[in-house]
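Note that subunit A is present in both complexes that follow, paired respectively with subunit B and with subunit C.
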Partner chain A sequence: MSYLEFLYKYAPSFLNGAVVTLEQTALGTLLAVIVALIMGFMKMSSFIPVRWVGIVYIEIFRGTSLLVQMYWIFFVLPLFGITLGKFEAGFLAVGLNLGAYGAELVRGGVQSVPRSQYEAATALGMHPFTRMRRVIFPQALLNMLPPWGNLLIELLKATALVALISVADLMFVSKQINMSTFLSAQAFGTALIIYYIIARGIITPGMRGLECKLAKKLSIG
Partner chain B sequence: MSNESFPLKLEGGDVPMVRFDRVTKQYGDLTVLDSLDLDVKANEMVAIIGPSGSGKTTVLRMLMGLELIDEGVIYVDGQPMTHMEKNGRLVRAGQKYLRRMRSSIGMVFQQFNLFPHMTALQNCMEAPVQVLGLSRKEARERSLELLKLVGLDDKMDQYPARLSGGQQQRVAIARALAMRPKIMLFDEVTSALDPEIVGEVTQVIRKLHDEHSLTMLMVTHQMGFARDISDRVCFFYEGKIAEQGSPEQLFDNPRNERTAMFLSAVLEAD
Partner chain C sequence: MFDWRWDFTIEILPRLLEATGNTLIAAGLGYLIALVLGLVFALAQRTPYRLLTFAVRESIEFIRSTPLVLQIFFVFYVGPQFGIRLSPWTSGMIAIGLHYASYLSEVYRAGLDSVPKGQWEACTALNLSVRRTYTKIVIPQAIPTVIPGFGNYLVGIFKDTPMLSVIGVTELFHAATSIGAETYRFLEPFTLVGAIFLAISLPAAMLIRRFEDWIRASLGMTKLHAKD
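What follows is the complex of A and B.
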């Protein structure tokens, strides 16, 4: 079977897998952003118990393996009465894990805004919340978008692990095709190419576009 | 802190607009302000001069409430600012109280500190809308008027990065004025500027002094300007006012040896 024939035969399967990977990536990203904002701000809190929640969360999720976290969510949580479908468990693990890395990006971005901006806002009588929302965070956001672009590519790659709890993503589909055809190079080669296309064809330009749009809107740079 | 000797508020005939009452500020072992007393009358223009590190910036930052003082009390318009009254005693001011007290003070920084993601107009409108709750229309009118005052109404839609240092500093002045403060603080506002554009900023300050009723404290290295415009000059040395007086007295007949040394060093450098 030539590669073209192989592709022709298995394109629909790859496509289905890619769609699931995109779904996992999109939902994982959404969750990671939310977690990153919450935990990032908690870690910056001046209220020590709150700060500790942020620190502990980030430590646990960055300090242990994503695969083990996913197994916990999928296999162990049911023992405590929380049963999740494999699809949900998949993006949940990915989002919670990458969100911990994102939290550090949020913190780094916020802390990269000079103190003088805080002081200028304070001198104008702004409430700390207004100051963050209107003055600090917009500038922080622009600083943290480039590293977020890298993180989202990591996130995409991390979704391949959901195949291990049988979510029918691109990785899972490739393995199945490999098992039924023994064409490993074609099966996993195609997977590589599709991951690459998603990363460089969708995520990177998407983030660049967002950066440009934001930079124009904030008119810096 | 024992507050017994600090009044809950200042009353009587001539209450100063600003009073530092035995204010001490320390950073670790370093005493930056040493039991400082300073009164500023309403509509008075006080110039603060002194060597680098003598605590000039610190005075303004404490008055703006950007940092906590360690001892003493600062009063603004008769009310304690660093403290508030609770059950007949002075306790450290809470955040909310401090924000309210700050609203009568505006500050202009050496490095301008404009918000880089907002246009000149937006910089001016931001706090009136977000803090004072003005409608966008009101805030816009007020801001335009002030940009006109500083001669920059034609630049209202420019972002700070597109403005020269002198223009940025004038926007910063307009932004502070948009809150309608009673007191304006200027911290070496021309030090970061090229010599040939210093004048455009000092001209604005002069105009404010001549045409508006504002109490002003101005830290400056421009002795000529200080002499010209101020009602009183305070010479700071090691966290204290070593000497103060009218510009004529202080510049022409300094009584303190330190003042004389400082002035001759500065004037020589010019």
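What follows is the complex of A and C.
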């Protein structure tokens, strides 16, 4: 079977797999952003118990492996009465894990905003909450967008692990095609290329666009 | 804790600790391969051959943008298709080594780029050989820039070793899934694996931070001397 015939025959399966991968990536990203914001701000809190929750969360999720966390959520949580479907367990693990890395980016971004911006906002009589929302955070966001681009590619790559709890994503599909055809180079090679296209064709340009948009908005005010 | 059995914990602990040894060996070997290959990739991008530079650059981009698990499967299954049989360990080490080499080559590159252009020019002016330029002038100055990156990826490679279990490398995570399959108990093995990972990666990260400070301090002193 030539490679073109192979592609023709299995393109629909690869496509289905790619759609599941994109869904996992999108839901994982949403969760990671929420977790990153909550935990990032908690870690910056001046109230020590709150800060500790942030620190412990970040250290636990960054200190153990994603695969271990995913298996824990999928196989161990049911013992505590929380049974999740494999699809939910998949993006939950990915989002919670990458969110811990994102929290550090949020912290780094906020702390990179110059001290004088705080002082100016305070001098204008802004409430700390308004100050964060209108002055500090938009600038922090612009600083942290480039590392977030890298993090989203890590997240996309991390979703490949959901195949190991049998979510039918791109990785899972390529494994199945490999089992039924024994054409390993074609099956895994095609999947690798699709991942590359998603990363460099969708995520990287998307994040660039977002950066440009935000930069324009900030300079116009 | 809920349904936690201590006798079972004690029963499986030796087996998990033994597998932890394998995990550490896998991480160490993979890291060594990555250190060497990463340097080769970084230096290949500094050669005047445009085609080589382009090919290496694009390969690194490709490896960095695709999942490691898929690469592990690729290396393990593609060999036999062309008559080359690789053991799980060999293919695992190749895959994880290549993956991290592409990350480390970026760290090397950033380090080499951080050395001011004037230093290179001075070396040329003094007619130093390429080898002496790198070993005596450039690399010592690049070290403070690269240490944090190297440290992060050392911890990173350690946390990625569970992926090797998919092709049957008998490391920590593989041992836990085997225990789970044999006994239908998942709570203890997976929780213990998590705890073992934390117990190694947290102190490791702390040691790396200390080492970083120490290197900076020691290099800071040498720089002061150079100024005099």
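The rule is simple: the second predicted complex is superposed on the first by the 219 of 221 C-alpha atoms of A that agree within 3 Å, B and C clash if a C-alpha of one lies under 4 Å from a C-alpha of the other, contacts with A are read in each partner's own complex, and residues count from 1 in each chain.
Here is the rule we go by: contacts are C-beta pairs under 8 Å (C-beta built on N, C-alpha and C of every residue); 3 or more make two chains touch, one makes a residue touch a chain.
Treat the numbers as computed from the prediction; the structure is a model and nothing was measured.
Student: Touch test for A:Gln139: subunit B only (first), subunit C only (second), both, or neither?
Tutor: So A:Gln139 only meets subunit B here.
Student: With both complexes superposed on chain A, which partner does A:Trp72 reach: first (subunit B), second (subunit C), both or neither?
Tutor: A:Trp72 sits against subunit C, while subunit B stays out of touch.
Student: Touch check for A:Ala120: first (subunit B), second (subunit C), both, or neither?
Tutor: first
Student: Look at A:Thr130 in the shared chain and tell me whether it touches subunit B only, subunit C only, both, or neither; answer first, second, both or neither.
Tutor: In the superposition, A:Thr130 touches subunit B alone.
Student: Looking at the overlay, does A:Phe80 come into contact with subunit B only (first), subunit C only (second), both, or neither?
Tutor: Second partner only, subunit C.
Student: Looking at subunit A, which partner touches more of its residues: subunit C or subunit B?
Tutor: C
Student: In the overlay, answer first, second, both or neither for which of subunit B and subunit C A:Ser166 touches.
Tutor: neither
Student: If you look only at subunit A, which of its residues touch subunit C in the complex?
Tutor: 59-60, 63-69, 71-72, 75-76, 79-80, 153, 156-161, 163-164, 171, 174-175, 178, 182-185, 188-189, 191-192, 195-196, 199-200
Student: Quick check: in the complex, which residue numbers of subunit C touch subunit A?
Tutor: Contacts found on subunit C: 2-3, 61-62, 64-71, 73-74, 77-78, 80-82, 159-163, 165-166, 173, 176-177, 180, 186-187, 190-191, 193-194, 197-198, 201-202, 205.
Student: Taking the complex as given, what residues does subunit B use to touch subunit A?
Tutor: Listed in rising order, the residues are 64-66, 95, 99, 102-103, 105-107, 109, 111, 113-117, 119, 126-127, 130-131, 159, 161, 175-176, 179.
Student: Using the touch definition from the top, list the residues of subunit A that touch subunit B in their complex.
Tutor: 116-117, 119-128, 130, 134-135, 138-139, 142, 218-220
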